[in-house]
């Protein structure tokens, strides 16, 4: 038998709140998705006037970070043509994404879910906002979140 | 040009809060999805320990109620074999659903979005929880919400 | 070699105009799609405030009427459970539809395209509006259109 | 609540007319699609003898320009291998496209829809024709359309 730690709705809301605060600081409207450790959606918020594409990208980024247990940033690199993971972006009917902005949520060394952000001015900014969610979770709840993932 | 009223994130959160309060009263864990007037997700919460199927059903119920401007309950009836809308459940690659539990959010006579609930003990209970969201929106924000839809 | 008569854009626009006039008479907002004799879209108009579902249903009804060379009304019957065409609604990934409201455009005994209407109050009304398109094409251009199809 | 301006059918027809006039000037047959601000089709015309591929490309270009609020030209660049948006072309089951020829319709600083053109001799020509639609909308209706988008 396996014992699993899974993010709950309360923590997901904190993650989203932290990301939203960052997005407001940056004066940008984004979508933020939080999924569990098997990639299923726990919570999602689309800020008013965010681009519609962000609904799709944020969810897929969170999904990808969860099922791979890695930041999607890694696939932005290793799934390029000629690189070892090239082709992985076709998995799950294309839901597996190479777009930066998805981060696994690792607490006490275990991935318990993931966060994905879409709709910012750049994929770097998406990741910055996702990371702000992790930092906020750490600060507000005192969890041992890996924020340098 | 057409002038449209669209539900914002703040209202979506109120709707979800109202539905969650009802679900807690009923001692059941559900997923609740709120979409805009063309079916795109605005907010989603999955209560802890809700069935995974509810992620899919709640989103599709909200989508269906929005794009059809009708409670999904109607399609539970008219999309049955032998009835006039039989076959409509194939539309949008099967995302259009005949499952009860999706309600359009009609404010001042205009559909501005929709709410969908999945994971309760019955589809009737799903709809009861969705309706509680509408009632809460009406009570908390004083909007002219059609709760007898 | 095969010589094909195919509906052109000018005729498609007349068909849509005729259907729109009827919809306005009936005080309803619909989507109207016209496809060629192989099911590819030639022209499409969505009237203001039509339900979004009509975008999908009108196109699929026209597609189905074209590729089957039959009114979709026929499949509303023969694709019911227990009937001989049951299952055909899965063809083309579910785009083949049993929803009434798609009519082939038969001129001089040859199917040259099809028209599909969605978004009216009933599938009967959808078909009535589609038929008005055929009648208008006959009247305005003097073509030998089969309006009793 | 959010107040949205959405393109209506009348404006969509003007956009298509402007694009068609340009295509005729250039002696090329194209498909032209106009979608609303969340990517749903409002109007579509395929000129006689246009390539069939243009049915798909024009609609997807318009969809992409709408949901991203950007000219698709931008993705022709930034979604290339090694660039930051690489992989975004998988979103929405591949409907999100990197093909040039889709332009958002921005009026008074707000995206109210998008136009997409396919089937010209080059993607540059597709965009030129789409742009002619924007210019025509501005000239004929006097709207404050951003034509340098």
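As written, the chain order gives the labels A, B, C and D, with residue 1 at the start of each chain.
Operating definition for what follows: contacts are C-beta pairs under 8 Å (C-beta built on N, C-alpha and C of every residue); 3 or more make two chains touch, one makes a residue touch a chain.
Source: prediction; values computed, not measured.
Asker: Among the remaining chains, which ones contact both subunit A and subunit D?
Answerer: Both subunit A and subunit D are touched by B, going by the contact rule given at the top.
Asker: Using the touch rule from the top, work out which pair, C-D or B-C, shares more C-beta pairs.
Answerer: B-C
Asker: List the centre-to-centre spacing of subunit C and subunit D in whole Å, with centres computed as mean CA coordinates.
Answerer: About 26 Å separates the centre of subunit C from that of subunit D.
Asker: Mind checking the centre-to-centre distance between subunit B and subunit C? Centres are C-alpha means, answer in whole Å.
Answerer: So the centre of subunit B lies 31 Å away from the centre of subunit C.
Asker: Please output the residue numbers of subunit A that touch at least 2 other chains, ranges allowed.
Answerer: 48, 52
Asker: Chain touch graph shape: choose line, ring, star, complete or other and state it.
Answerer: other
Asker: Flag every residue of subunit D that touches subunit A in the complex, lowest number first.
Answerer: Touch residues, subunit D against subunit A: 2, 38-39, 66-69, 81-82, 84-88, 90-94, 96.
Asker: Any idea which subunit C residues touch subunit D in the complex?
Answerer: The touching residues are 8-9, 12-13, 40-48, 52, 55.
Asker: Using the touch definition from the top, list the residues of subunit C that touch subunit B in their complex.
Answerer: Listed in rising order, the residues of subunit C that touch subunit B are 48-49, 51-53, 56-57, 60, 75-76, 79-81, 89-90, 93-94, 97-100, 122-124.
Asker: Give every residue of subunit B touching subunit D within the complex, in rising order.
Answerer: Its residues touching subunit D are 1-8, 11, 36, 38, 40, 107, 112.
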